[in-house]
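Notes for the one structure printed next.
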Amino acid sequence: MINDKNSQKIVDHIHNFARKHSLWVLAYGTGCGAIEIPPTMTSRYDAERLGVRGAATPRQADLLLITGYLTTKTLKRVIRVYEQMQDPKYVIGFGSCTINGGMYYDSYNTINALDRYLPVDVYINGCMPRPEAVIAGFTKLQELITAGKADGAAKYKEKLEWYRKNQKNVIPNWTMPEYNW
Amino acid sequence: MSFFDLKGTLSPFSALKQFGRKPHTIQYPKEDKEAADRYRGFHYNEMEDCIGCGNCSTICQNAAIDMVKVEGQEASKGDSGLRPRVDNGRCCWCGLCVDVCPTGSLSLTKDYLYVSDDADSFLFTPGLDNPGGKDNVSFFSTKESSLNDFARIPMPELEGKERIKSFAEVVLGYNEAEARAEASRCISCGLCSEVCPEHMHIPEYINAIAGGNDQDALRIIYDNNPLPEMCGKVCTRRCEDVCAIQTRGEAIAIRWLKRYATETADNAELIREIVNPEIKEANGYKVGIVGAGPSGLTAAYYLALRGFDVSIYESNKQAGGMTMYGIPKYRFPEDSLQKQIDYITSIGVKIHFNTSVGKDISFEEVYKQNDAVFMGVGFLKPWTLGIEGEELKGSEQAVTFLHAANSGLQVDVGDKVAVIGGGNVAIDAARVSARMNAEVTILYRRRVEDMPADWEEIEGAEDEGINIVPQAIPIKFHSDETGRIKSVEYLKAKMVPDEGGGRPKPVPIEGSNTIVEVTAVLGAIGQQGDYSFLKGEFEEKIKTERGRFVVNEFQQTSDPKVFAGGDAVNRTADAISAIADGYRAVKGIEEMLMKKA
Amino acid sequence: MKENKVKLAKYLKEHFPAIIEKDYNYNRIDFSINRELVPSVLRLLKEESGYIHLSHISCVDWLEEEEFELVFIIWSPVDKIKILIHTRIDRNNPVMDNIDKIWRQANTYEREIKEMYGIEFTGLEAADEFLLEDWNGMPPMRRDFDTAAYASNKYYNRPGREDAMDVREEIARHSGEEIPDFAKKYSR
Amino acid sequence: MREKATTLYIGPQHPGITGNMMIRLKVEGDTIVKAITEVGYLHRSFEKLAERRNWLQAFTLMCRFCVPEPDPVEETYSRAVELLEGRSVPDRAKFLRVLVLELARISSQLLWYGGQGASLGLYTIGQWSVGDRNYILDLFEELTGARVYHMYIWPGGVRRDMPEGFEKRVLKTMDYLEGRLDEYEALMFDNAIFKKRTQGIAIIDKEKAIEWGVVGPPLRGCGIKSDIRIDDPYEVYEHLDFEIPVYEGGDIWARALVRRDEIRQSIRIVRQVIKEMPGGSYYNKVPNPQKWTIQKGDAYARTEAVRGEIGFYVVSDGSNHPRRAHMRGAAYVHGITLLEDILKGANVADVSSIMNSLGTCPPEIER
Amino acid sequence: MESLLYSILGVLVSLILAFTVGMTYMGLSRKITARIQNRIGPPFYQNFIDAMKLYSKSTGIHHGVMHHLGPAFIMVTSVMSLMIIPILNDSAFFTNMNFHGDLIFLLYIMTFGPLGMALGAGQTGNPNSAIGVTRGLSQMVGFEIPWVMAIIALMIRYDTSSIVDIMNIQADAGRWIMFSSPFTFIAALLAMLGMFRYSPFDIVGAPTELASGPMSENGGKYLFTMMSSSSIFAFAKLTLYVNLFMGGADNLLVLIIKTFALYMVPLLYGTVSPRYRTEQAVRYFWGWPSFFGLLAILYAVFF
């Protein structure tokens, strides 16, 4: 039987293997942390070794990097972009700003805690995280995928209403469709 | 452009030769490149060195550092018991916290790696969460790079030779710029105010001075100290011992700053105008105070502010107690004291001078006339040396000597004086003698660094040409044919470490007898209380223990109506403790009387 | 440089008697003038004196004085002097003349100042929104806009830090010190 | 035949955009008829935040103004504060500052190599130059303790002295880089296709450059010799021997050549600085930061950053906070109005290339 | 009947072969590029993992029927091309379904894919896709000219429109057409640069210009389909070139060596070149490659 539990497990295993070794990162530099992405992706650190490569559009990407602070203006676009990505999708939050506001905790234009608005799978410590830390973030995500714990996207679907409420709270003029997979 | 750009087509292919080159990729996580020696990674806090001043928390522009209670770190003198905790969801690793850490306990390490799926796991207590960080410290604070100013603004003073010519005040005081600069060194932690017996609001008034608000500073000071000018000049300033800056540098000159603040008002009216105290309506209670020393004056002032009817009984003709009669005038001029006493009397405190309780008026009378009594009687009776020849002419007690000198009486000590002892009284006596053109020698049992006197006083004495002979134990005074003292014989001592862990003990070396020629000897090895005025039932009622009154936290003696303070109560025996006693007694008296009502 | 500055000040004084100068001992000279004359001063300096580079336009909110101060910083590559032209405008009715006809780049500065301070530039042609999106509060760079309060109201701060203590208060509590209210503003 | 104009959004999520901003293009075929920039995606309001911080706390904010090259911003802020307060800086600090600034210039130019290459589809150059940039960042890490946000140049001097043997490592890196630069040039500047893609594209003529207030390499690419390091010298630049590369043409190619030559000049400066580095103190200590007040007044400092002029207008009201710390970003002017103007009539394919050559940097536009 | 069975089986086997080899080539190309770029690069099997992952992704995008059919069109094109192209010389198994005139059919079918793509991408409504498709078609118009010229020259010269015939002619002569008709080869080779869409001809999906052009709206399984079809197509094209100009291959090993060597040409040129603009690319193809194509035809006609 193809659909029984054990074979599903094997299929999942294979899928997870493929997913973790092929993380396509959406090319969206949302904040300062983006400056360490080029070094990570280029010759000195070469994240492509781990199967991490850039993807030009959200449709093709698996991984959204929130590289630091998000202004409300960007948040609106990020939500849109995130929803356009195809399952399974992951989010990595870079540095202090995504965790608790970082140095912009008192700015009127930046959000403080990213996980109120998007499900975050991995946080990387640093301001900004250096390439080693970024790669460590990728490997941590890979571990989570293997363990089947990188389920941010599922959580997002499940708690969509809660996320929407928070999102609408900080984005004054909500002109987006209610959901755009 | 040429018809066909051959070079432009072929030259780029030179890039292909890179194929043969070894890639320079760092194969993290397979191989790791260590962070630089100065890398700013996670914090590390040396828990034992940290004093919990919270300066890191103040400088942090991200509000990332919280001061929290940490297990195993208890508050103690000079340590708030709190330790920094960093929110790595805020931190930007600028390292300012390291650069402002006065102790240098906080540093950054080479570690920087932390990834987690839990956003709440980024709170981090340096030192506790990374005990191994010590070996990894990379960005640390040195005295050179630190943002703290470790050097005190030097206090202008009279030259050593100049000052022994008269009793003019030695310390000249900061000018405005110096005071601002000195006050600006303060990091406002408040560790000082904890050890201050009176818990003065030190960071607040220093901040006020730094900001140029001298009058506010004075107002803050008068909140719980009615004799700030005295404290500003002669306080033993234990606050400076725990100053956060003092851990690696020179403490903030808290005393001199207080002195500066008090100089904003040069007469009692001005003080009153600046402080503008709120005086409560008379509540009908009467309080009698024995002794117009610091504790008595303090109690009187705050009681008067609270609407009590206060009378002080003072045996001398001037108020101030030991600060008047014990402290030489070059340290604490009389008009400074007078100004403060004028201010205290201006708000309604009555002082009965030349009224010695026990002689001119009996204690019982005082006790009956008032609803409460406060005793700030001090230690007047000096300890004697108990060696041969002490009764000789020319052998005197330093306290007596100082009393006489401060009362303006002529005292003849001749031209060679030996002072025995190492406390402030000894130094005072020595320096007063020096001003009487005597050649002074101080004999002290232990080493110079063991002397209980302030180091500034010792230095001052040395500047004035006073010879300090440490490790000298007098054994005999020799007399000349007129019965006057001629010389002091002493034994040299060696320091033997104490097995119980206490400070080393001086042990005389047999046969090391040395004789020093003198015209007078001043003994200054301490004083004790004289409670002969307590007669009859009071002798029983008011308990003493080891020469001191037994009091509770409100300075209440075993007779609920009687309170006591000052040297006769506390062991530290300094002005500020006396003031603290007085202040506490005010609360006690108020509590007792108002509650009863 | 000194004589250049003197010459310049004299030249401007001739044309604009109301101008107030302030000299610095390096290559900077300041002029203050009322706002109506600013465009003519700038035009004169650009076209006649060679101050062709507009380096900066800044705005300072003097809340206590109920005024905005606008500062135009211009530079001459020949004289190598920077001139700061200050002008004060009423904070309650902030209107300024548009100078983007003199320097095209001024357009960007004016757009930002308009958005951040709410200063109206007469005749400025640009989209309303510049940096902010759907902002409907007070212009945020004004001194009376409290960004910390706004942020803490609007954005979520991660819990878990409530056990933080103030060192000063903790010490005072510990030792029984009572800090009077009037002194508290001097605590850190 | 006139096609109907379609609207094309470049950004904010787009691989070709330099940073996080958006350009709305009206396109007919491959030709742009109208371009509207939209910024604000990175607006953190540093200047508002700086007003809440004290003078030294604000300094940690400053390097975040411009992500690709934080050091000139730190330098400008520090110098503005020093001018305001009248604080002097020790000579050694000045040399160290120039060292950091020039290393930052090299590192930023290397990043530009990558950006300009990638915008035209030449990814190899980016892999090389951005990879080699790490060697400069390693030097920074050693000197300042961080790779990108150094927070090294602060009011009164610099934060730490050079570590031991640092000079040697700098020179070694410079030698290595110089060798690599030849390889970059063979790949990029000799390349016929690169020439085809850049020559005659996005021309700014001299008059326009002045009228629009163009600064930095774009200005020098129009044949105007203008560099604040020479015109309004700061730190020790007037004592150093270097040239200002100037090229005629005003197109992407000329700007690229200016940048290419600037790296070599920066290497030259770094070598001189290392050679002539004086001894002594590196820091004229500021007072206790909590209580450091600066007298009333204002100051304006300018710095030649990689993309042009950075200015800092700092106002003090006598307190321990800046009343106003207003930055003029290098790309502030040509990143918006000029870009909109240049894009008119350009090919869609060149948008990214033009942005890279102008050095558009949204974080410093929006701050 | 048996031969048909063989052919069908052969097609299936060669499909798997083409997929595997094509994917491996692309993986290797990433590795080789990486080495030129001073880095290590992904493992050579990275593309298989990528394909697997893309296949495992969900697809929730609906832009209409044509959007779904676009990738299918390309797949069909690739498979059909592969079916026609013989893999090995004189092999009953690997000759596939060639027939007389297959060269002309190939010319037609090879343009079919991009057209299908165009239809699919057009329906997504994404302007990037639309512009990308326009560019792709323009570019195709560019490289088709030298390519068709080269094929015509071949057909005139050898008087056949069958690939197998051409392979046999080379085998008989013992000389590759590459050497006997160099102009034809050069024209075809230069056209091939365009076909492979490596730099400087990666105009269609230029990331920094158009995100990823026609693929902008395609993720997951669509992208998987495109990826596998393009690797099959790449292998088919390479085999075709080997067959036409390099004497075909007697066994698989020779085939792989020859195709890989040929594959290096666009790949290495790509790593060191920036991208042309569309009109520059078209002008390029209409320049030297077409000139050589014309030369080849003239040569074939007159000699």
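Observations, loosely collected:
A, B, C, D and E are the chain letters, set down in written order, and residue numbers restart from 1 in every chain.
As a convention for this text, contacts are C-beta pairs under 8 Å (C-beta built on N, C-alpha and C of every residue); 3 or more make two chains touch, one makes a residue touch a chain.
The model shown is predicted, which means the values in this text are computed figures rather than measured ones.
The chains that touch both subunit B and subunit D are A, C, E. Common partners of subunit A and subunit E, by the touch rule above, are B, D. Here C-D and A-C are compared, and the pair linked by more C-beta contacts is C-D. Here D is the chain whose Cα centre lies closest to the centre of all protein Cα atoms. Taking each chain's centre as the mean of its C-alpha atoms, subunit A lies 29 Å from subunit D. Subunit B and subunit E have Cα centroids lying 88 Å from one another.
Chain geometry summary: the mean Cα position of subunit D and that of subunit E are 44 Å apart.
Centre-to-centre separation between subunit A and subunit B, using Cα means, comes to 57 Å.
Each of residues 27, 42-46, 49, 54, 56-58, 73, 99-101, 103, 105-110, 113, 127, 130 in subunit A touches at least two other chains. Residues of subunit B in contact with two or more other chains: 12, 15, 18, 23-25, 27, 58, 61, 87, 89, 92-93, 119, 188, 207, 211. Those residues of subunit C in touch with two or more other chains are numbered 132-133, 140, 145, 147-148, 158, 188.
Chain pairs recorded as touching, per the definition above, are A-B, A-C, A-D, A-E, B-C, B-D, B-E, C-D, D-E.
Residue ranges of subunit A in contact with subunit E, taken from their complex: 14-15, 17-19, 21-22, 24, 27, 42-44, 46, 48-51, 53-62, 85-88, 181. Contacts from subunit B toward subunit E in the complex involve residues 4, 12-13, 15-16, 18-19, 21, 23-25, 27. Across the complex, subunit D is touched by residues 26-28, 52-56, 58-61, 71, 73, 75, 77, 80, 82, 84, 103-105, 107-109, 127, 129-133, 140-141, 143, 145, 147-148, 188 of subunit C.
If you check the complex, the residues on subunit A that touch subunit B are 43-46, 49, 93, 96, 98-103, 105-106, 113-115, 120-127, 129-133, 135-137, 139-140, 144, 149. On subunit D, the positions that touch subunit A within their shared complex are 12-15, 19-20, 40-45, 48-49, 52, 60-61, 64, 67-68, 111, 114, 126-128, 130-134, 137, 147-149, 363.
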